[in-house]
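Before we start, here is the structure in question, set down as structure tokens.
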């Protein structure tokens, strides 16, 4: 239940205010060079406190590899990574001890488990996504050796949409913005919400280039279905689109079909897959994030005794989770693709004969 | 790879033009009364040829239960069901034998498996969804005994959106339309596309009421994530929304949070879940279907030898797959919820003590 | 729960006296030629009624492939097979309707599921093993293309042990006997038990030759562990040995270690694996079958109301299940090895680079 | 691949000479009191260096819980535990850097992964079993609340067999001996082997009492099959018996069947299960361990370049792995039963109605 994937798997653990969070990455082929700096760099891109657009909460997020790597190379055994929690201010949460914060998982965790781990959301905190980013970085390292590159960026904040897509620019932007020209307006939308003690939603675009044809396992492990699962499972995600997504509804078949030439597809409405299997074109996914539920306006709620009370939150929270969420979508896409790469091996008898030298 | 779910599982088999399609449903608790007429009725709702809005292809879709039911009641053993194919016109496909139809899975299956099963899409045909509907019907029977009811309907065709939601009306509509007032316009959009040898997209709304609080398994088997997987995995689906979905991007946190009273949630922007766990409110999912890729206009494509050729399709195809797709979304939602119901058992020690009478 | 394997999977269904039994084999690579005669021949080796050593019950066991094979070759989609039940004599079981037969699963199924499917054991009947043999035959076809050959035979009946191992002879023997010289004595032991309205146990030896080095996934999907699971899960199995098995207890390390030369291992005490991974030597497994629980002597038992009654069985039963069990062990070993072959692909980065041509 | 179980799961990581070993235990119900001293006590029973019968290697094996427990009680989230390695003498292994030790996994790991992690066996070292014991202890805590108690002890060393079974005595014995009267002789056999720079095998008996009727999931997750997998997967195990095990071969059905009275079964030849499902009687399993492959006599072997060399081991090794192996069998049995307890919930519709209060 805390494991993602079938062959290249990520199992995470940890609560936002426990001793540590971390993960075990299993199924990594032996012989992959592990660039620890890249893993740390991905974590640094996700970590909070880098700008006024994010929570002021500082998390150091130093990752330590405990196993599975010998002399800088994977051995084929599970790779455990741990990030110790160093900056928990549990006292921030004392006033919400028995309260269900609107828009948060407090209510459902309590009813499911009968336990109220009030420390900053406990397991349901987005802090868990640091473990995804660490695991996803290993998937990215593997994919890079196969020529697959994954990128992400913020497409939209509130109603302000990017008009162009520049993944290179996004890497330099504190907002992970894809369009330099609207970035300023998007920043202002975030800051305005923050000033109003409110929060705002956003859309992230994630893509992979260099994906081999044939990834995705019909009927119930299709590439699009598992990407949808991966993205929708990220905290605060509420919608996922593949390729042209919701726009296809207003298209005719003659407009939406990607015609084929001997050089490849003329268009990529499909987002790089047909029948749930990659077609070699760019894999394109959009993820819609709701506005952060932690806001600093008074809200109606109840406590664990079903008594109505007022919710007045303190603490430090991102006014827009989509910004840091972008890095998490990269990790999730990498985990999906790495898994599909392994699952796809052996789909043809000729693969078996080649590997087993018959 | 052809199995959906973890505890309540559906495994399907069969190609559109093979001998039979069918499924094994495993994990069904013993002691569930099986209403075979309900299963057949669901299949009849899905089967093609009921109106001019659908393909003229007739499929009888008689389902036969081979195992797992004794004296009308489940025994706890796997339930196998088979539907023999009776109306395959393989000759319709002879002209596309070596051709990749734009928008279809022909290209990707061929490259993945090295095989061209040209008979009507083979495994990738939406005919496979009949097996989902049969399996989903058993899930629905189980859920009904727990007070959970699932409904679906067509929300939008092309640009024509429903203004009201009436699931009861949808059951009587040949379009599965949710809004009687726009149904006529939606039908005309379908027929216009058909006349133009083209096709059109649509949006399906699916809901469950009576869902107990606590369904969904964090971190990687969340209710929203698995619903997204389930719906995106349906043929032609390109986007999935939970609750308010894409609309949340333009909302502030103060607008989007569902405040809580002692009587329940004031609103249901969330679509019935928080942190990926059901909160007792209506579960609401929207699925966006692309226009049917099979159109009767000439298209550019290539054959298996990478030669450019013209694609001119014959045969009988739905001009809008969203209509019949609605029934499939019900089946998928039922399969997800049935699985979650079983997985959730044993999340508290008190459940164990109750069942094992300690 | 009715699925065996992770990548090459067998899912079975059916009760001994239901409409049909059968299976879905999933994960079979595309491009494998399917020799239907071989599948049927394996079923014929397992089917009862071939000699006086077996139950007089005749089962025709005609297998029909419903999907996954096109023009004689696998397509990579699930292969469904069905065997219709044709010779059920349900009346034979009317006298045991409410009774728990000693040594049978009647008691435990009833308490687990709350249902008494008294028709010949229902799902717990060894009839289910026909589906294993059908699925195993497909695994054997795949393994043969990789140079792996699986054989089995009866090593021991009661106290009468084989002194030599001749798998070729076993194929011609109605007892599947490995040693022609003790076969007569073994047959007499079976017939004597039968005459005394009793039954007798036996030991089956199963081997695979040509197994590539490297099969088996540590830590929890080791080759030896999964072979043990596979064999112990066969009806009536009570012990499983790998290589020298129980005999190793009385050996010193210096006797039991298989020393290594540049030509290979000097001995094969290990049964072809080290650390749960195949070492290229013969894979050797022994399975111990208890005497058939269905005997024709009066026994004490209870009924479903916990009333003590006498059990007097009628019907037709094998006096020694080990004989036909041998064929089932072949199927199970083939399923394990086929699964391990697929799982092992991608354990090295160089495999990935080779398949994806980087 | 490094995960054991389906609902109550153990995922382990770590190499004998890496930074740490550890595990994630997932699926533990919320509300279980965690007695950390019990977990440590089980680890202390397993740890080496407690007597001259064991390796002189000292391992402190202090376990630290990183997540999943809040205020002494499980929260339903994954429980991560880590044991830092503190006493690795890597230099002990420098002389075997390129050598395959006979009887060890060196050969197979190298060929599978293309990597030679020579540090004390790396992942294949029995040190990994400390993580199993930690995870198994949590399973034991859960089972205790349901009235299930697991015990183990050494039945046989070399040819010296216990004549009586006293699990209470075993807890006090440095050999984990079940029979006080033969313990001295068994100790001498171990010490004699040690003096001769050799090693010796042994048999462990493991039992569970208080097991509820109905555990085990046919057809492919039977209790006996999974216990066999669990035990055979322990380092150095070569045979597993359920109940009377190999002895049943020489019994007649009339001798082996456990007759039933209204008070229960008259005998327990079956080892507490029928048809792979627990029958409420004692669950009894025997595991046969080979003599430790690390011996201090010269042996023939090869290196990674296929050159023949002499193997002369140094270091510190148990002369008989069965002794400490006993504790590992307890852990594995607990993990199996805890998993089966969770899986069995929901096998009847009445369970669902009870939990969901319909």
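When the chains are written out, they are named A, B, C and D in that same order, and each has its own residue count from 1.
The definition used in the following text is that a residue touches a chain if its C-beta (ideal position, glycine included) is under 8 Å from a C-beta of that chain, and two chains touch if they have at least 3 such contacts.
Only a predicted model underlies this, so the values are computations on that prediction, with no experimental measurement involved.
K.L.:
Looking at A-B and A-D, which one has the bigger number of contacting C-beta pairs?
P.N.:
A-B
K.L.:
What pair in B-D, B-C or C-D shares over half of its contact pairs, by residue number, with A-C?
P.N.:
B-D
K.L.:
When the centre of a chain is set as the mean of its C-alpha atoms, what distance in Å lies between subunit B and subunit D?
P.N.:
45
K.L.:
Using mean CA coordinates as chain centres, what's the subunit A-subunit B distance in Å?
P.N.:
Whole-Å distance between the two chain centres: 26.
K.L.:
Just give me the whole-number Å value for how far the CA centre of subunit A lies from that of subunit D.
P.N.:
Computed value for the inter-centroid distance: 38 Å.
K.L.:
Which subunit C residues touch at least two other chains?
P.N.:
Those would be 1-3, 12, 30-31, 76-77, 112-114, 123, 218, 343, 347-348, 350.
K.L.:
Enumerate the contact residues on subunit C facing subunit B in the complex.
P.N.:
Interface residues on subunit C, with respect to subunit B: 1-3, 9, 11-15, 18-22, 24, 26-27, 30-31, 64-68, 70, 73, 75-80, 82, 112-115, 117, 119, 122-123.
K.L.:
Which positions of subunit C touch subunit D when the two form their complex?
P.N.:
1-4, 10, 12, 100, 102-109, 111-114, 123-124, 128, 156, 158-159, 193, 196, 198-203, 213-214, 216-222, 224-233, 235, 237-246, 248-262, 266, 270-271, 273-280, 288-295, 297, 299-302, 306-308, 343-344, 347-348, 350
K.L.:
Where on subunit A does subunit C make contact in their complex?
P.N.:
Going by the criterion above, the answer is residues 7, 29-32, 76-77, 142, 145-147, 212, 218, 341-343, 345-356, 358.
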